[in-house]
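In the part that follows, the structures are each spelled out as structure tokens.
Both of the next two complexes hold chain A, though its partner changes from chain B to chain C.
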Partner chain A sequence: MNELLIEFLGGFTKTNQWSAILPEIMLGVLALALLGAEMALPKNKQTLIPRLAIWGQVIVLLVVIGCVGWCNVGESEYFSGLIIQNDMTQIMRAFFLVSSIVVCYLGQIYLSKQSLPKTEFYALVLIIAAAMMLLVQSANFVMLFVALETVTVAFYVLVAYSRTSQFSLESGLKYLILGALSSGILLFGIVLLYGIAGSPELMGSSRDSLNYNELANFITLNTNNLIGVDNMIVKIGALLVVAGICFKIGAVPFQIWVPDVYQGAPTPVTAYLAVASKAAGFIVLIQLLHGPFISLKEFLVPVLSVIAAATILFGNVAAVTQRNVKRLMGLSGIAHAGYLLVGVIASLYVPWAVYAVIFYLVTYLLATFAVFGVMSLAADADDANQELDHYENFARKRPFLGGVLVCGLGSLAGIPPLGGFIGKLFLFVAAFQAGLYGLLGISVLGVVISIYYYFGWIRECYFSAPSIEVVDDASCSATLADRILLGALVVATVVIGLLPAALPIIR
Partner chain B sequence: MRALSVFGFGLPLVIGIMLYGLFDPSLAGEYNFELRLPTGLESIGIYLHLGLNGISMPLFLLAGMVGLAAGLYAMNSKAERLHLYLALLLFMLGGLMGTFASIDVFFFYFFHEFALIPTFLMIGIWGGAGRRVAAIEMTIYLTLGALLSLLGLIALYVQSGVDSFSLLELRNYLSAQALTETVQNNIFALLLFGFGILVSLFPFHSWAPKGYAVAPTGAAMLHAGVLKKFGLYGLLQIAAPLLPSGAEHWFPWIVWLALGNIILIGLVTMAQKDLKMMLGYSSVMHMGYAFLGIACFSVVGVGGALLMMVAHGLSVALLFMLSTCVYHRSQTFDLSSMGGLATKAPVLAGFFVAATMASIGLPGFGNFWGEFTIFVALAETDMTKWIVAPAAIGIVISAIYGLRAVSNIFFGQAKESFKERLESGQITDLQPFEKLPACLLIGGLLLTGIFPRIISDDANRELAVLYPQEQSNLPIIESVILPAEADAPKEVTH
Partner chain C sequence: MTVGLNAFILLAGLLFAIGMFGVILRKNTLVIYMSLELMLNGVILALVAFSRYNGTMDGNLFVFFIITVAAAEVALGLAIIVALFRLRQSVMVDQLTSLSR
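Our next item is the complex of A and B:
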């Protein structure tokens, strides 16, 4: 008995290297520590909590960059194949950390205008960051599902965080119902794949058929000799899994929740959904398409192409008539998901396109946070009610924020010399090399449409009639720290646009 | 601030003239003053690769000259937030100089976009009535054109397989192994229509008159004068030499659309009652000649187009500037409610008449040589001979509307509404700050009109490399030289 236990524990320590997920553990501990600190700290010291959250994450970020390494770590497997770490996952861990740091900062601005409980917000943001970091490292469907559910459940709370606002509650309910539906679809797909890959009479069947590699082997071995129902089950399973992911990235026809939820959720949470949640979905999609579903390429590419085309067109066309800027960002985010899907499809033919997608995600992160940062500062207490009209003469009232907004929107529209242009250029080159001419045409059309609403917003800021009296609204002026953060985002956008090699992503 | 802005606007022209002096004509087919810096995008073959050749040199000088004129004029305008306006003009000028100095086609595109954004902001902030709509419409149109041409350039990059955006490498590679005909046709279509939208090729011209009508003077001068030449420059430096059979395939399209520019837009121009709209349409119309010149695919024709581009750039910038001067005196752009302005402002009238004559194509101004050379090139081949007649009608049309505008504004009886203002004594003649840029531009026009060789010598050497004779449609030269050689062996056999 004792020997058995020792043997078990020995094996346990051999396969389970906890230090590999040290940053995620640190984040979890930090989240708990915040909750503890709230109880321990006296009332007048409560402002320490957001600082603790932000600086704690900066330390975790340093750990990710310093100890675990930035690039060229090679591929290593942990926890008997539950987790795989490689270059891409390292970059994405830093990506999620940066976004959660910015979201915490924006949350501080948001919460200062509301009478809501504060600490839980940061704790949930941290837990989401940790779960997303695990999500992109998962190499097993169980790991994938658990991490994804952790993210989603925490988001249910965050979306409905402003419990006195009916918009926030409505969007929370919508996100809950549709999120649960998509989780169900995803799970159903996983179960189908698990069942068929585990049936012992089929070639290449595996007892561990939830593992990406095992599943990839099974599907590759059986693509040509599966007939009838079995073949259908594999395809339907893959399709359902992809559909579940498409919900997360907001691709048509699973985009229906996006405008309402983006409008109702607190602005920092909207930013988090728009950047990190979407990025996580794309990375998982890339991993699945390059991993287990690689042999289903011929089947999935047409489906994804139709989704990409519809997503680009829907997002752009629907955004044109929007007057609420949060809905506008949501719909334009759908369009960006479409461009990224084109990159994902291209990556099946041109391997370097994966890096084009990541590059695009980084430029998207910088630009989107710059825009949401300005929105957080410009919003009044009624967070869901941010109309384009509020931005009339904005640049005259607050020149600095106006400049930041122009850079952010310009980058999203893909105007040189900003980073977004280089991101689009890489995607287009990749799509051209992959021969996706139709999708390229639709992307160009989408970009042209997007000029209308992005520049329409800029127009609202700059070109309004100067006759309106300029009221200096001190309540939402930017502090020095705001300026440093937003300035850093803008500088990074410009630097990446002028010197793309500043990002160590492109070889 | 004044000294600093004179320095800022003057420096490019001074450098341009210095570079012109140092230009080494023996390097035809190569670039002078080459500079190649890494950007971090070496992996996909993008370098910041700058240099000038016989084709880009005149346009580089044009940008410097119009930039200085626009700057001098803008410095003394009473624009609100003048420093921001001047800064945007300088940004735009920087983008323009960069575009024409780029050997790397990626940066060629990049600098163009770089110049486009200040245009949008300037129109939106300092533009006239209806600026909000015009600014957006113009930006959407131009972005569409720019993206199409970007796709064309990417296609060129991917299909050639040379893994470099450098024009020189693309050229060397493609002259060794040309692309297949279908690929050439498709890429050329992207470039033709992409660049065509940017040059307001008929029927993609509707942004131009509206945009120019509301644009502030400096922006209109730089955009109509210089930035619009970007598309033509792209066609004659990149598209036509690299894709000869694609150009041949689209030849009828270019000709018919260019004739649309000349005749249809010419007629539309005649119908304009607003001075600025008329100028906007007339600049659209004159682009048709440049397209015709490029459509010849011969040294003469393309050289004529280049001359035309430079001269038109100078004359249209001058006209836009003078029209604002007229507006400051008459408080209206409406042609039918002016008259007799020459009695109070004779110098302004003189400049305006000269600029109008230049744009019609009177000998002595650069435009004449441009149009003349294009007609010669058209008449050289049987295939294009017939185009001369409809194109010549355009000259008549432009004479009609040009002279009518001059007579309406400056001569004859003043209209009732205008008479009072005219006689109130408020109207002064051109001020020194208006004269200086006007003299600069007129000087450039006369220089190119009297000594066109300062442009054409270097350009011809360069074009002779880009448009080798056997690929051009020049049966005349072939019939002069080739039959003699072809006949020789025949005599031997007899």
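Our next item is the complex of A and C:
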């Protein structure tokens, strides 16, 4: 009896791989601990909660970097193929943690101006970070779906977080309807692929057809053998899955939600959507295109090329006439999604382009958070109403914030000494090596247009006619901690621009 | 009489298409919600049918995840609709235009 028990426990410890997702578990526990702390702490100690959230995440970040290793961990599979970890997922884990730390900090600034419940915000941000870390590691469609829905459902709450503002609620409703629609489309694609790849009558059919590798084997075996309906089903399935992902990254036929949601959502949530949610979508797209859909390259590349070209042109042209800065960031974010799509397409021909995409995402993170940090500090209580006109003489009133804004916008536009320039350069070199000359031309045209509206904002800050009275309102003064955070973002942008090798992604 | 796999998939596709057109064309948010559920039900029907005819359990298991997620989405969506109705006294999509400028 005893030996049986020992044998059973031995088998149990062998399959115990929970330590592989230790950072995610820590984040989940931290999120619950925050909710507990809100009940336990007295009213005057509630300010400890954001600090607990931020420093807790810093510890998790150290765990990710230290114990799990920064790079070159090789590829390892856990939970019988549900999760695969490799270099890219390790980098993205750190990426999501950094972005959730910054979002928690921006949330603290935002919530201090509103009368809203506070703790739930941090708990939801942490849960989203954990789910996105799982999302980029998933190697099975069930895992993908569950992680993706955890992210989106938590985002529905965050977008509609300001319950008393009709803008926030309206954008939450729009995001929810369109997000649920896109999830439905993604699911239908998954189901078609599951059905066809598991069909016992077809060659190479799999018992585990929701797994990426099994599906890739099936599609590779059958690309030339399938005829008629079966071939159609594989293609429609793949197309629906890609369409569902394109929704999340805001590529063109599915971009309608972006401006409205970005304007209505609280500013830190907009920043989170713009950086982390988009990055997760791109990593999932890369994994799908390099995994299950690698044999459908000839079919998917033309579709994605058209989407990329339309995305770049639409985002840039629509942003030119925009006066609301949150909508402006949303529309320019669509354009950035277009450049990144070019990189994703290039990565199917030149393998190092994957790292160009990640490098671009990192520079995009630094620059976007710098801009949104300034916006959070400059916004008044009415969060959705942030017009370009509010930035008249901004640099004269707030020289430090003005400087940060110029660096962030310059990096987004791709001005040479800053990180965004190197990021764009890598993407364009990758596109050139892959022979995507048409897309390259459209991207360069898009960058030229983008300089117009980014510099329009900078002009508003520095060169607008001095207004009658310069009101020195204390509400948007930057504290020391604000300065340290924004300064760090700017310094990182400049350092990456001058020494791209400082980032361990580039070897 | 046995019903073939194609009949199930056709019905599932039809449910999905009806739901999708409902989401795109209807103006009342509550009806849009029902249409979203219809889409998911189409997906679930297809999953169960494939699962039965392929002889694997994965599809049946996946259904539970989908139902759970759909329940969470509906709970959240109704909360948002109620909060919005308190502010605006309307649940029609064409009156939700405070953001588009």
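We adopt the following convention: the second predicted complex is superposed on the first by the 490 of 507 C-alpha atoms of A that agree within 3 Å, B and C clash if a C-alpha of one lies under 4 Å from a C-alpha of the other, contacts with A are read in each partner's own complex, and residues count from 1 in each chain.
Just so it is clear, a residue touches a chain if its C-beta (ideal position, glycine included) is under 8 Å from a C-beta of that chain, and two chains touch if they have at least 3 such contacts.
As the structure is a computational prediction, the values presented were derived from the model and not from experiment.
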item: Chain C versus chain B on the shared chain A, clash or fit after superposition; value: fit
item: Contacts of A:L176 with chain B and chain C, given as first, second, both or neither; value: second
item: First (chain B), second (chain C), both or neither touched by A:V63; value: neither
item: Which of chain B and chain C A:V157 touches, first, second, both or neither; value: second
item: Comparison of chain B and chain C by chain A residues contacted; value: C
item: First (chain B), second (chain C), both or neither touched by A:L35; value: neither
item: Which of chain B and chain C A:V320 touches, first, second, both or neither; value: neither
item: Touching partner for A:E149 - first (chain B), second (chain C), both, neither; value: second
item: Which of chain B and chain C A:V429 touches, first, second, both or neither; value: first
item: Least Cα gap, in Å, left between chain B and chain C after the two complexes are fitted on chain A; value: 25
item: Sites on chain C touched by chain A in the complex; value: 9, 16, 19-20, 23, 29, 32, 36, 39-40, 42-43, 46-47, 49-50, 53-56, 58-59, 61-62, 65-66, 69, 72-73, 76-77, 80-81, 83-84, 87-88, 96, 98-101
item: Touching residues (chain side chain A, partner chain B) in the complex; value: 410, 415-417, 421, 425, 428-429, 432-433, 440, 444, 447-448, 451-452, 455-456, 458-459, 462-463, 466, 499-502, 506-507
item: Touching residues on chain B, where the partner in the complex is chain A; value: 39-41, 43-44, 80, 106, 110, 113-114, 117, 120-121, 124-125, 131-132, 135-136, 139-140, 143-144, 147-148, 150-151, 154-155, 157-158
item: Contact footprint of chain C on chain A as seen in their complex; value: 141-142, 145-146, 149, 153, 156-157, 160, 163-164, 166-167, 169-174, 176-177, 180-181, 183-185, 187-188, 191-192, 194-195, 198-200, 205, 207-210, 259-260, 263-264, 324, 327, 384
